[in-house]
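These are the structures in question, set out in turn.
Look for chain A in each of the two complexes below; its partner is chain B in the first and chain C in the second.
Right, the complex of A and B next:
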């Protein structure tokens, strides 16, 4: 900012005049720079930018993927999704509701489990490394294999039901299996998603707790600050930004991720686990010849807008703390 | 001195309890993979009464999981290689080389982080279909590489920027060109970051299912997640085989994670902080 305050004359004096040689050297460096980023940029332009623009265009058209031309319909796809189509709009509202419930429940559940877990892990010395590795397995293996394993234990005659019956909690068991029962399908998936997102959250909390200087804690204790005051004035302020990050990460991942829904229930039973991402996927790939690709793109863009709003909220929340 | 130890016992009990919860589905996965077709139907007991290796052996060879394993290895390996080559070059340029538009292009890459994959999934398959890439391994690898761009660019640019500038100036004075400085001086210094990005790329790529499912048709090109889905959607799916296939899928990532845990943990907390 100092340059703007420097008088013009002074700047003219201090700024050396560029010779032709220097200019050529700069141009050469720029060329080298472009050559270094070229592979990344080409990949990005083709697979990133092109597809984003294409999907934006397609969201204003009707197309089944096979006919030679698109039929432009303006905002019709967006209107159909939001309110106009008597069959589609209620389905979407239901999926949006389920998505919202999952987003809030997963974020809150993750914090409620990961924070105590990290605190406990930070308070012990023996076995800390081993336990951390074990806690991390759900994250590393996240995907189809683990979802099938969960499906297996949640079957009508699966391990969970049998365990509940054997400890006298048979009333909690689900004879149809947890995923086929409309009352338990979504809550069960939420629990599994929390199970999958606790590892990263725990790791972040652990890193935060370990960053607290023990000398500061000791000094505060010597100054007469009790455990509660130390928690409130030293530990908590450090954990707030981490909590914000975890919550926003949870909201984002739950909104965009539909893999677990696709593999474990595919939206069932009867739409009880439909979410927005899954709807977009089905509209895009499983409507054979109906012209639903425009609707799928419009839905993808609505999800995109929600993701951007979350990102803005993220930036504001982080700025608010500084 | 009694109270801390009582607290310690409570802490250990709670932690071990959560360790059990973390391991729960894996325990049953292993259990079912060592049962035969009849015993897995009985259910209820974790330790197999007649443990057998036949299920795993059968899944590995007769159900061709060995071939799918090689396919997965190829897709994941080439994706990691592509990410490391392409984005270490780009990261180096963003950190060390001055060129017009540098900041703009950099932030463009970072902004890609906010595009949900479902938004581009459909146009991606349409594009690949036109280019004749749909259904090939290249058609998976290229989008996987591009999807890692924000993370890799952010981390590698930061890593190269952390190297003292003097090294660059000294090498330039010795007459070395940028490519040589990059390859001989900077790349070796960024090794920890390269390994971290390699692991953070390999794990989700190994587990990827959504794009793979809408892309691949030819069974001989299937990766493990897709082979597993095929196995589970058969007419008479049997959980001992499905769990054996799941185990084959999961064990390599667990081994990778345990071997490179240090990089993984550091990288993840670093990546999220950014």
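Right, the complex of A and C next:
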């Protein structure tokens, strides 16, 4: 008994010491961990949380970016954007309509092109890697320089008109160029946005297709299901979650992004390519230092609310798939 | 513990280093008599300002560092962020007639009244008071609500006017036109355009930076409408509750005159920015280009010889109130001294030199931009014959002179940007007729009046 009691007593005495040491060690490890994440937390607090709170406050004020004080106006900026200002509200409605058209068209266009492309790529074995790199090129190169290049290509004497005329499709050429023509300006920008978003969508689809068990497809084929039926009843249902993610990414990017509109048309001609993101930027920086930063912030928050609603809708759609 | 001390020591060192960096980050000019820093939003001014700075240094021993931030949105953001970090330069070149007053009203500019009130007679008469806080400006510009009437936030630097047509002499000649004879009327101008577009369908038209939509309204339509209607009826277009607005028979007639340009715009004109339109003209892609007096400098920078260009103001329409249109110069940019400068005396001295006949002459000759300083009979010798030649459009009887700076008859919250899109839909887009455009413009003007 004594032999068994002694080690127990010793354990009882030494255990607290050990656990205190372990706690210290754990605390040290935690401290190191906190130290490592501290820069990210500080960055988020300064560049993320601070600016979010700042911009939310600003959306209830009038300010030009340098005056010592803000003039609080309550909800007036929001009211002006939505209906109260007879000059601003119609512009915003026009921009919202263009944004909506672009969101739907870019998302749908991306899916319609990326899915068949990924299916084709998945069905070949030779040159798959090379072709994947080729199709991914627009994503790597898309940016300001490429937008400028597109502008040159789309000018009245640009490559697109030249190509159309040289293959006997001169009736499709646009004498004013594709960006100066009100009928083609927005569709052209949508096509370029689709061109930029297809690569990532294609890769996501390709990953999804490669994750499908070949045995399932083989069994379906043995049961007499043709290629179309396999695509419709097996492949597509398995790819729906990826499609939802791609659509959401397309909607979000089109709603919040405005660089392409700023660089290629600046909303023109005559407002035919105005979008909400561009209007927010113009209100912030193109008003000759007028106190319109509040309106720009309010518009930014309205866009955020729309994005949030989209995210909620997406989450519900994904849950529905499960 | 040793590890913790090391971490603490490293953190303390980092904080000290950051603090030291922050303390040392100010621009020059903080110490009295030190070097000055100047910001401009015009890249085309930098070389000329540096030449003037070299002459200034030879006289005073004070260094001036000139920096340009373009385009306008970048310059705006730069001022906003520098104001927050108290890192503004000593001197700013700003747009006159609004931007300078807003920045001054925001507390960023020093009052130059004491330094320059006695020297304003050196400037062209119509530009002298461009940077002054008046009661009317105080009532209309929110940022001036706390400003003192009489304060001077900027002195005029460059002057000029819009509505100058530049014609490519070679293209005129190729179309069988006399390259030394400008069209006398709007109708003759249209026949010129008809001839040049007939001679060269794709590269014989008219260029203008219509991507900045208000250029059509500000640089062509207003001058055309003023000349056709005369000052009183022109002012009525913008009146509060007016029945003689853009939708009236007079207003529609002026819109019809403007719409007559529709067949002659160069292809793709509505997608061109101002610089792009000028470059297109300099590259021979159009026969005519509309701009301002400041356009000459940009054309020269893009390789077009000034001797290859014929210049004239927007020609007045036949049967109108004005048969020989003149264009009053307005201050386009002004010079301001910031309220945070540590060397206000040196900064004011630099502004004084730049606006003196000597400094203005150096600047104008190098930049091909007209100074607001009245150079009188020395103009041609100081700024050269091409630039001096543009000044001939400035002088004439008051009733024949369109003055873009005369804004008293417009709504207090007048925004020219909003006038641009309806006119663009009229021409070159052709999406609306004159009657619809007139009604739209009247609605826009009414909304501006109702806004205040």
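List of remarks:
The rule is short, and it goes like this: the second predicted complex is superposed on the first by the 275 of 322 C-alpha atoms of A that agree within 3 Å, B and C clash if a C-alpha of one lies under 4 Å from a C-alpha of the other, contacts with A are read in each partner's own complex, and residues count from 1 in each chain.
Operating definition for what follows: a contact is a pair of C-beta atoms (placed from the backbone, for glycine too) under 8 Å apart; a residue touches a chain by one contact, two chains touch by 3 or more.
These figures come from a predicted structure and were not determined experimentally.
In the superposition on chain A, A:205 makes contact with neither chain B nor chain C.
When the two structures are aligned on the shared chain, A:65 is found in touch with chain B and with chain C. Within the superposed three-chain model, A:157 lies in touch with chain B and with chain C [touch as defined at top].
Of the two partner chains, chain B is the only one that A:277 touches; chain C does not reach it. Of the two partner chains, chain B and chain C are each touched by A:285. Contacts of A:78 after superposition on the shared chain: neither chain B nor chain C is touched.
By the touch criterion defined above, A:256 lies against chain B but remains apart from chain C after alignment on the C-alpha atoms of chain A. Taking chain A as the reference, the larger set of touched residues comes from B, when chain B and chain C are compared.
Touching of chain A by both chain B and chain C, each in its own complex, is seen for residues 65, 155, 157, 281, 285.
The residues of chain A lying in touch with chain C in their complex are 35, 62, 64-68, 71, 85-87, 151, 155-157, 175-177, 179-180, 182, 185, 265-266, 268-271, 281, 285-286, 288-291.
The touching residues of chain A, when paired with chain B in their complex, are 26, 29-34, 36-37, 39-41, 43-44, 46-48, 50-52, 54-55, 58, 65, 113, 116-117, 120-121, 123-124, 127, 131-138, 140-146, 148-150, 152-153, 155, 157-159, 162, 195, 200, 203-204, 207, 245, 249, 255-256, 258-259, 262-263, 277, 280-281, 284-285, 293, 296-297, 300-301, 303-304, 307-308, 311. Chain contact summary for the complex, chain C toward chain A: residues 7, 72-73, 76-77, 79-80, 83-84, 95, 98-99, 102-103, 105-108, 142-143, 202, 210-213, 267-273, 415, 418, 421-422, 424-425, 428-429, 431, 444, 447-448, 450-451. Residue ranges on chain B touching chain A, taken from their complex, read 7-8, 11-12, 14-16, 18-19, 21-26, 28-29, 32, 43-44, 46, 85-87, 89-90, 92-94, 97-100, 102, 105, 108-109, 112, 114-127, 142-143, 145-146, 149, 153, 178, 182, 203, 206-210, 214, 225, 228-229, 232, 239, 242-243, 245-247, 249-250, 253-254, 257-258, 261, 265, 268-269, 272-273.
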